Amino acid sequence: MPLIESLWAMLGGATEGLPPWIEFFTFSSINVIHVVLGCSLLGASAGAIGCFSFLRKRSLIGDALAHAALPGVCVAFMLTGTKNPLYFLLGAGASCWLGAVSVDAIVRYTRCKEDSALGMVLSVFFGVGILLLTYIQKTGDAAQSGLDHYLFGKAASLVESDVKLIAVVSLGVLGALVLAYKELKVISFDPDFAGAIGLPRRLVELMLATMIVLSVAIGLQAVGVVLMAALLVTPAAAARYWTDRLNIMLMLAAGIGAFSGFFGAYVSYLSPKMPTGPWIVVAVTSLFLASLMFAPRRGVLSRLMRHYRFRKKTARENVLRTLYLFGERADNWEQGYLLNEILHHRLMSTLELRRALYRLERNGLIVETPDHRFALTAAGVHAAARITRLHRLWELYLTRKLEIAPDHVHDDAEEIEHIITPELEKRLIADLGGPQWDPHEKHIPPVGGVA
Amino acid sequence: MNGQYLSGLAEFLWGIPMAVLHADASGWWIMLIGALVSSACSLIGCFLVLRRLSMLGDAISHAVLPGIVIAFLWSGSRDILPMLLGAGALGLLTAFMTDVLNRQGKLQTDAAIGVTFTWLFAIGVILLSKFASNVDIDLDCVLYGEILYAPFDTVLWGESDLGPRAVWVLAGVTLANAIFVVLGWKQLKVCAFDPGLAQSIGINVALWHYLLMGFTSISTVASFESVGAILVVAMLTVPANTAYLLTERLSHMIFIAIGVGIASSVGGYGLATVLDGSIAGAMATVSGLFFVMAALFSPRHGVVAGFIRRRRELTLEDAQS
Amino acid sequence: MNPPPIEIHDLTVAYHHRPVLWDIDVSFAAGELVAIVGPNGAGKSTLIKAMMGLVPLASGHVNFFGEPSVKRRSTVAYVPQRGSVDWDFPTTALDVVLMGRYGQLPLFGRPRRKDKEIAVECLKKVGMLEFAKRQISQLSGGQQQRVFLARALAQQTSVYLMDEPFAGVDASTEKAIVVLLRELREQGSTVLVVHHDLQTVPEYFDSVMLLNLRCVAFGPVETTFTAENLQKTYGGHLHLLTEVGEKLRQREWRHRNATH
């Protein structure tokens, strides 16, 4: 694995003994297990719960709440003077909570909008937190050093008690999510409906907010204030590309979050100088970008492919229809035509035409004669008749049902002929009463036949 | 016991104006820097708030980090020009990437913002950790700035000391923002109020959007050295929203926002001195207090005014029935 | 012969979740006061927005005074639906009207005294002068609508496109709007109004365009606003058209090949 090795060397690792990039996977050190477990569980619970704020289009609430946790962390330290993770969780949780309530209150009681409320809560709470943090630092308490980790996260500093707490809380959040799945789903999709069918709307919203707050609070030490937001947004956004079903989306987001947490822990293990949070974010964003590009159906590539395929199909169908028109004009279906004759009738590039002809020939719809002419086969005539039929049916539909002038309908039919399904075709024929002639007095080829 | 607390509180509160009044020269420089930061940010912030783009401001203030680091590595100094360019480029990249994810990737705006800025910020932090030895930028300083040392980094012209570098930079950026807002006043206003009208009378809405984002990035990077990334967000949003609750005129809103920003800087300096804590954090705290006051006591939009109005209506109804 | 103020050629619109407009092909003359009427979701607002270039056209084009609409957009005054803007915006009624002048000002130019006089004059015309300094959120629905109309008047053009100006306004505002529309017609302006209330069509308008995904009929109210045409517009659903439109939408793009 030269790549990983060089990456490792780049990160500044030592090279004697069992290389750490292998040693990591032996999980021989109890510390490694702690860190990996902590980060993965954290990623899983934040990823899953983030789906709900994503679906409610309030993804950035996680950003605001993560920042809002800082004053709570400081106050907890000031009051207890120790670095007990439980007190920190309580402090961070309480302060996040206050942040969430403030956002709600600002939106409800003033005319400020939600984005402003988020921005203000985020920055003012964080400012208070910084003020307290520097106050603590200046008062010179030795134990305060750990507080710095809340800004960027340091997974390596996770000890057994931290991990136990993370495990309890994140499994608790995931468990609550499974239990209240149906309620959370309804409330995210249509809160008014949830209220109308008698669900305790406030209670469920409260529960969702609590779950987000808890996920944020446990994530601070490993990921840091600033990048906790990513764990709530990005896995959900990535998962959304792959599926249209909420339960699958939740599982995918949890998986993506867990893997990213694992990856961050790995890098952090290899290079203790590196903060964990950013590497988790890089991992999760890479997965997001991959999803964005490669996901079937919703992905960018897949959409481009569909577009491309449709263009090719359109080109082929246009060639068929052109040959049909030639055949109709000459009343001769066996005659072949030169490339130029087709090009003269239809605006397309030579390359596009050659490609279309090649595919049509391979599909047995067209034959090339020895003198480089192209003629429809029997199957080709059949297919060409269908396209022509659709074109003329649509022209007739537009003129008859929409009362559009016959000289205005051609362009539209040029497009619609390529998207009409056999089912729509049947209904068109029925609606129009099995017509014989199009608005331009041309014969509409009957189903399964030629003129 | 109670009396002891009260006198302690009184002493604490009294200490704030006293600290301001007894500030030494560097103290006044610090207050001036704070005032310039808040003025530069308020000028832009009002439009961000009205266009509901506050969180894009937040995103940009984080995402300029890799731009700053790259500019630093490339130029090898803390010269302001490469940094402004680097940050400006990254700020526009953030706005652009959010737009592309939204349009081409079919991703909702809030998530597009979240994904973009956390990613860029993470890359910035990694670059910073990797090249920490070459880069004279403190990671914590990125988040909450270090205004305290700004007065000692001065500009020299020949033999004479022309004052802190930050003051010159921020004064320049504030002036640039002011010119931008004055010249683009009607375009910015129409784009914020009614983009449909803007487009229909031939204003290039996208161009003005990106211009606004560009000026946001430049203000951010000019301010970040002294107040840090997140407190820039405070100055972009809090004074503007406070002003939004106090007036019905856009022009007044901008002046009130600047006033609130300056008052927050002065109050923040006092508070920080008394507590011996971060000045930037204290500035954000004080600005938050101003907002809470406005939200409660604004004559027209305040919670208290609304409460009294409702009470009066209720009693009127009672009297009628 | 002068080119007509508005010409629409084979306009087709297919976008988002909105209904599709098919092959609209009409032109409007100077001094014409037209109601655009049709059921919900018939594409009335879409037609206006498409004319202003606010939604992408799938095909066809719109000309104002014989030139492509994009070039002459600033010569057309558009009155959007009232709900389309943020009425909390910190600005006064007079200021909103003044925005109507912005299109005529140079890039960094500020409104001059003359522009302010025009704005005041327009506010007076809609009977809102006493509210000039009022913040816009403190105006009633009808008053907000009048401010929007005044803004359009301030553009001093001869083509007006109005999207439901009568929606949710009080009786006196409705009367004021009607008086204004007639005045504009007397001046030779072309005014298109998306209208909901069938009852008042013959009373308020000269011409009517019946719209339901396509232009069912267009002409003088006496001959066009007939029971038969209304039946065609409001009855008889075109399910097939809707389904084909749906297919187009799912594809997200349009692709056309031309024939000689």
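Couple of notes before you dig in:
Should a chain be cited, it is by its letter among A, B and C, assigned in written order, with residues numbered from 1 in that chain.
The criterion applied here is as follows: contacts are C-beta pairs under 8 Å (C-beta built on N, C-alpha and C of every residue); 3 or more make two chains touch, one makes a residue touch a chain.
The shown structure was predicted, so the numbers you read here are calculated from the model rather than taken from an experiment.
Central chain (C-alpha centroid nearest the global protein C-alpha centroid): A. Between A-C and A-B, more C-beta contact pairs join the chains of A-B.
Distance from the chain B centre to the chain C centre is 40 Å, each centre being the mean of its Cα atoms.
For the pair chain A and chain C, the distance between mean C-alpha positions equals 37 Å.
Mean C-alpha position of chain A lies 32 Å from that of chain B. Each of the following residues of chain B touches two or more other chains: 244. Listed for chain A are residues 111, each touching two or more other chains. Taken together, the chain C residues at the contact with chain A in this complex read 10, 12, 22-23, 25, 59, 88, 213-214, 216, 238, 240-241, 243-244, 247-248, 251-260. Across the complex, chain C is touched by residues 50, 183-187, 189-190, 192-194, 196-197, 199-203, 244, 247-250, 252-253 of chain B.
On the chain A side of its complex with chain B, the touching residues are 54, 57-60, 62-63, 67, 106, 109-113, 115-116, 118-120, 122-124, 126-135, 138, 148, 151-152, 226-227, 229-230, 232-234, 236-237, 240, 273-275, 277-279, 281-282, 285, 288, 292, 298, 300.
Those residues of chain A lying in contact with chain C across their complex are 111, 303, 307, 310-311, 314-315, 318, 344-348, 397-398, 401-405, 408-412, 414-416, 419-421, 424, 427-428, 431.
Those residues of chain C that touch chain B in the complex are listed here as 49, 52-54, 73-74, 76, 78, 80, 84-86, 89-92, 95-96, 99, 102-103, 105, 108, 110-111, 135, 137, 151, 155.
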